[in-house]
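For reference, chains read A, B, C, D and E in written order, and residue numbers begin at 1 within each chain.
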Amino acid sequence: MQGLTKMKKKQSYLWIILAIVMVLGVAGCSNNDVNATTDKPDEAAAQAALNENNESDRTADEEEDDEQVSDVADAEIVLAGTRNIAPGENDAYYCSSILMVWEPLIASDESGAPIPKLAASYSANEDYTIWTFQLKEGVSFHDGEPFNADAVIANFDRMKLGEKSSNFYTMNIDTTYPGLEKVEKLSDYEIQLVFASPLPTLDYAMTNFGSAMYSPKNFDAEGNFNGLPMGTGPFKLIENVLDSYTVIARNDDYYGDKAQIAQIRIKVIPDPDTRYSALKSGEVMGVLDLGAIQPVMAMSLVETGDFDISYTPSTITHYIIVNGNKFPFNDVRMRQAVSLLIDRELILDSFYAGLGYPTVNVLNQMTPFYEAFDIPHDVEKAKSLAKEVLGDERVSVALVLRSGELNRYPNKEEAELLQAQLKEIGVDAEITILDNAAWSAAVKEGEYDLSLKIKGLSSAEPVSLFSSMMKTDNSLNKSWSFGYSNTEVDKLIEDVSGELDMAKREAMYNRLQTIAVEELPVIPYFNDVTLVAFNKKIEGYEAVNYGVTLDKVHWAGQ
Amino acid sequence: MIELKHVTKIFKQGLGQTQIALDNVSFDIPQGTIMGIAGNSGCGKSTLARVMMGLIPPTSGSVLLDGKAVSSYSRKERSQSIQMIFQHPAQSFDPKMMFEHSLMEALKVSQRIDRDKFNAAIREMLSQVDLSETLLHRYPHEVSGGEAQRMAIARALLLKPKIMVMDEGTSMLDVSVQAKLFDVLTTAQKRTGMTMILISHDLEVISKTCQTLAVIYCGSVVEQGTTEQLLTRPKTAYVKKLVEEFAFFDI
Amino acid sequence: MHYDIQMADVTIEFALKSKRVSAVDQVNVTFKAGKITGVIGETGSGKSVLGMSILQLLPKQACISGTCFFGHKDLYALDAESMRKIRGQEIGLIVQNPNEALNPVRTIGRQLMEPLIKHFDVSRTEARKTVEAHLRCFGFEMPKKVMQQYTFQMSGGMNQRLIAIMGLICHPSWLIADEPTKGLDAILRRSIYDVFWEIRQHYTQSMIVITHDLFFAKKLCEQIVVMYQGEIVEIGEAKKVLTTPLHPYTKGLLMATPKAGMTPIPDHLNPSHESRCKFYSRCQFASAKCKVQFVELREIDPDTMVRCILYD
Amino acid sequence: MKMKRMEAMPFMILGAIVLITILAPLLAPFDPEMIDMQNRLSAPTAAHILGTDSLGRDTFSRVLYGGRQSILLAFAATLISMGIGTAVGFVAGYYGGKADLLITGISNVFLGIPGVSIMVAFAGVLGPGMNSLLIAVTVNSWVGFSRIVRGEVMQLKHANFIEGMKSVGASDGWIFIRHVLPNLSDSLIILFATKVGSVVLSVASLSYLGLGLQPPAPDWAIMISDARPYFREHPLLMAAPGAAIITFVWSVHAIGDYMRDKLDVNKGANDAL
Amino acid sequence: MIHYFLKRVISLLPVWIGITIFAFFLGLVSPGDPVYLSLTRDGITEPSEAMVNAKRAELGLDLPYHIQYVNWINRVIRGDFGKSIYDNEEIKAEMLRRMPVTLKLAFSAFVITVVAGLGIGAVMAATRDTILDRFLRQLCTLMVSIPGFCMAIILIAIFSECFHLLPTSGMEGVKSFIMPSLVLSMGTIGTSARLSRSNFIGEISKQYVLVASAKGMSKSFIGTWHIFKNAMIPIITFFGLYFAGILGGSAVIESIFALPGMGSYVIDAIYNRDYFIIQAFVLLTGTIYVLSNLLIDMLYFLINPRMKQGDSL
């Protein structure tokens, strides 16, 4: 009997300790095996990541080892991105081109025009149905595989396996290489693409994401990555923990000029304010990727003196999209009134610290076919135009914002400014913020009048933009309810893709741009810039139209 | 006249366990008499009181009030024939209401007297139970136990019931206060000729006030009869022991 | 060596939010060691407050003046630590409602062993043996089993005996019982009497029993103190006080018992205004003198005192 | 019921805030939505006491107007959930048995769903704005009321005065309105105060995520999230609305706590939570 | 004991089923079409009507709702949560990766709340109605009234930007969990401190405390062994429900401190109407709520002996 009390007491303590251990256990053990599953084949790297992640003091000595290996100058530079810059195997390209891990056959220069990269040179027959590419020699992938015609054919075979979705650009062989019949190997370093119908601007479509090249041994049966990406770029991707960080290291046997820093770690910090604090507190040396930092915050960093910014025109244009199926914006005069009303300079100076190029042209400037137009700003004319349409009454409209973009752009303030200005021409706008799904649904059913939206240029070849924005009953025109249709425009869009003579093509594009400026199916208001900010402790950190010059980055004074 | 016929009450306590509160209790109380029900705590006295009041339905058997089953009466009719005084005086009134308001409400609900005579009836009843009118503007927790219990009696008497049930009405009170209470009760009983049922564990109190007596043990009536007969010549062992207990403290 | 408890000019008031309520008013009394003294009075007479003040167990708002000597120590002046040593060890307490007196989530055994381990820091096994002995002495057949159980698993009677043991476990020289019979039915009342009889035989003779149950006091106690509205109105030998009471209030009390025909004490017999005697408004024998003359506790014979001008 | 000055403070502050919000149109020096791009982000000046925001709107007027939507929403939503919760709780507590089992089951289901995802889902379903928030908050908080009411009613049911009223002939409905409700009022007030406070906070975090109340009508939470890019140089832009929210929620919670302490004192332990 | 445990499990089963039904329909009811969203994810390509329908059929979203529910349930029981509609990531892997983050955050917040809540509550009860008590009470009320994100921004500005003591975000071991768990637990510390104060004070006025002091036990002994255990019973229920609640409620904190936890994951899923993720998440939190309910009952059973005797709760 006596033992009973003792045993009972012990039993109750046992239970409580057991419960606590169980909860701790769940947290602890699931943490271990989780990291292992992220990169199945690369067990060692994951284990290293796990240890480092668990014991914070361990990370300190981890860095010390790096230092012993290379002198202080080559210490790891830490940067911060806005989202997963390497989404992993399920993504068509594994990681963004910003990381310079993989390289395309054809890249693009400052103005967005195609330039040869892994394809040393290329040419097409006169009716543009056969394109031949001479490949760069002496180049090898990170896993040692040589870069040659067979590797290119393997990549094309992978593309033929079917469409693959991605956070950056959907890989679809039918849209990038329409009517591709054969991919032939002429010699070890020469291949030929044969098409059913003429494709005068194939090189434009193949820039960057259009012709990404990976090592042939990098894919499994269905064409997904079987491990870390093996490209030919100046950096090798050595470690990737989703939603935490990605680490790239210098590729020492790179054919071109090598990267100037041994290792870069890019952390994922989705919240703009936390990214700003991380930059200001010196935890990260720079920020990159779409919407890395808002101009206003960048300027406040520059004023502190130990930060600098770098920007370059980007392929993104900001539009005020309008519902052309509903009064009052089905009337072209109303659209012109709004375009005249808004003060593009004021918006850029107040909210974007002047970093942007006002425009009325639906086409983004990052294409050789871009035509500059002068930007009229005349409030009185806007009022008279609006009076013609509305007479004396006022109209109330729905101004809808997409919550996904509020973190990247000051859309809310722009909308509130627009709302105040619209009052002057008798339009009372009511602002609503919808999340991404609700926005697309509302915009599709036409339950809106105005909205602020950005649109990137898919490729330097403008025909895709014109057809999606202006062609009757076509993609964005329909799904964003522009309700715009113009027979001349439709005919022009049909002819231009078949037009082989470059001069004629340019004339047709100019005609399309002039019509767009007059009829304003959608009201563009400025071309955006790719803006990055960085700590003055590092140099060579310049923005390019898609990403940053990661290979030129190095600690100041090295 | 109130009659109980083979009343049994079984409470379900979940997981299939049952607890027998009342077991085949039957007796009848002629109008105008004062009957005592004695028994120790936990013998089912309060359940019996609530069954008689019709607050809880008996599992089997029936309670007849002037020949008609209590359950067939509507709440209002029941309130005009039978009233109850509880054990905890302060708890018998809504703590948020002054006594005046509680009394008025009782009259309004039972519609025994028409509206304009309310005040007069209340003043008159207060004098009967010997309470000063200043108490009308007090809250239940601001008065002594005795005063609250007398106010409860006033409320019950205002409804002119035929039968008054008291469930351990004085066990929480001091001796002198208890004496005052019974003094009020007996005068009211003589005046209205109503039946009174006193439920208590204190055999002495019952012996001094009731004519007939029933002793309950574990839910069943052990012995029943006139007070004098039970106290002097108890038949069953339990009642004998009970009487002995009380006599013990007399010497 | 048992000490008496002498209380001199004890006044206890409660400082409530708005007003100060006086519970005990200038009490002088001596509880003789080796005797069971019953303190009788109705609700609000201050008997419990007086009893509890001895062990300083009154709530914070209470402010006590006067002295309470236990032997040579003034209990009111003691600091917390030394007071703690006296509680349980020298003066035990038996509280009112037995079913709520024990901690529901701690076994009975542990609660009984606590004072032993604390005061005499005996080992646990030894403490367990003493507890078992006491349990057996109070009629528990299987003490070990009871020690595992909890208070809600015990009947009213058993709990009563447990709190008695709780008070006596350290063999205190004095014992205070606060309203042991309140709200109990006949069987339990009798069993509590047996418990006290048991205590008287084996533990201690010096007890203070606070109760409103006159007959229980008459049967158990040797000395009786009657209190009314914070004042002591009569002290005397138990049998005498409760058969031939001197003070009108005591008489009224006895007349109100069921045995004596439950005649109530009148409430407002004489119009009461500032009068020296607190019982003036309800007293049949009230006279003009009562209003004027200051009445204090006069000694009629060695162990009877009364506060009434009738006996001047 | 004389209250010491310190205890009366929360009542005064709450009264002041509600009064200011109602009289905002009279008190505000500027129209809160008037944009004035010339003096954007200006420091406090004579005209603009607390400076202006990124669109040049007067911060002081916006703070005065800022409370309207969230306070109205908080009081309305909590009142509705109190109504539903009390009714359901009463039925469960008073009648017990099957009704009680069913209701406890349902409220467990509601408790099982995390608060934030309900709110965000409803904001998605009905589109953001006042009505979807109203429903989302009600769905989320009625359970709290019903559990407390159920507990209290179960205790009250056995109190003698309820049985007394039954014996006097009062109907269940009468008992509920005249006796149960007044006795529940203490706990209900406490829970109401705490709920209003927590509703304002959860709506604020929703607005922070962009799904709460809609621009341009000024709202404290939106002002805080708008001020995030500028708050290091212009701290007032975030400090002013922040202080407003904190003061309002503090005063409401303080009232709730004052009531609970008063209740604790005279009724012993009371887990009004 | 087992008998009691089974009874609780049976009573919680319908609750769990109710939660699954609620979770399932919560997703379907909201407007917006996840398939269209996932196809236009890169913001450039425009899917044709046919492509959208094909993908919807492939995911089985065009079946009548109840059939979808049945398919979903028997898939879930086998532990397969399916793939996310938006970026067809395997949901189970994603959750396993994110769950420990939220669990760590929730657990550290839980520990802080329990320790601070009970600590402050006990101090307040012990020093009842003194200045310290009044100050702590005001502090608790203040802690409950500061919005989480305000506190987060202020803390980051102070500890990361000015003093460079703590990392602003990310997962660098223990340091990066200090600020988030503090912010997450702050509101509840206030509430739990007030609750424990009420309970402690309630217990102090109980009869057994008087008996214990009459036995000569010291104040601290009574506090720990008698009052604490009794006061703990209602507090356990509060903490149990709180723990289940944190999982859903930490979305804002996770997004500010860039912790890849469940909260931010589900908020994005709701933005993209990713039914499968919403359903999986609500199911998970529902299950954890049911489990924590059971855990509370077990703890309750151990601490409160009255239960062992088979009294109905």
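Here, a contact is a pair of C-beta atoms (placed from the backbone, for glycine too) under 8 Å apart; a residue touches a chain by one contact, two chains touch by 3 or more.
All values reported here derive from a predicted model rather than from experimental measurement.
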Going only through chains that touch each other, what is the minimum step count from chain D to chain E? 1
Using C-alpha centroids, which chain lies at the maximum separation from chain D? C
Chain nearest the global centroid, as defined over all protein CA atoms shown: E
Cα centroid separation, chain C vs chain E, in Å, comes to 53
Separation of mean Cα positions, chain E and chain A [Å, integer]: 35
Dist(centroid_CA(chain A), centroid_CA(chain C)) in Å evaluates to 87
Which positions in chain A are in touch with at least two other chains? 273, 403, 435, 437-438
Using the touch rule from the top of the page, what residues of chain C touch 2 or more other chains? 107
Multi-partner residues of chain E (each touching 2 or more other chains): 30-32, 153, 157, 255, 270-271, 273, 303
If you look only at chain E, which of its residues touch chain D in the complex? 11-12, 14-16, 18-19, 22-23, 26-27, 29-32, 134, 137-138, 140-142, 144-150, 153, 157, 187, 190-191, 194-195, 198-199, 201-203, 205, 234, 238, 241, 244-245, 247-249, 251-252, 255, 263, 266-267, 270-271, 273, 278, 281-282, 285-286, 289-290, 293
Hey, which residues of chain D end up touching chain E in the complex? 6, 105-106, 108-109, 111-118, 120-121, 124-125, 127, 194, 197-198, 201, 204-205, 208-209, 221, 224-225, 228, 231-232, 238, 242, 245-246, 249-250, 252-254, 257, 260-261, 264, 268-273
In their shared complex, at which residues does chain B touch chain C? 40-41, 130, 144-145, 171-172, 174-180, 182-183, 201-205, 207-209, 242, 245-246, 248-251
Can you name the residues of chain C that touch chain B in the complex? 42-44, 156, 183, 185-190, 193, 212, 214-216, 218-219, 252-253, 255-259, 261-265, 267
Give the list of chain D residues in touch with chain A in this complex. 33-35, 37, 40, 54-55, 123-124, 127-129, 210-211, 214-216, 226, 228-230, 232-233
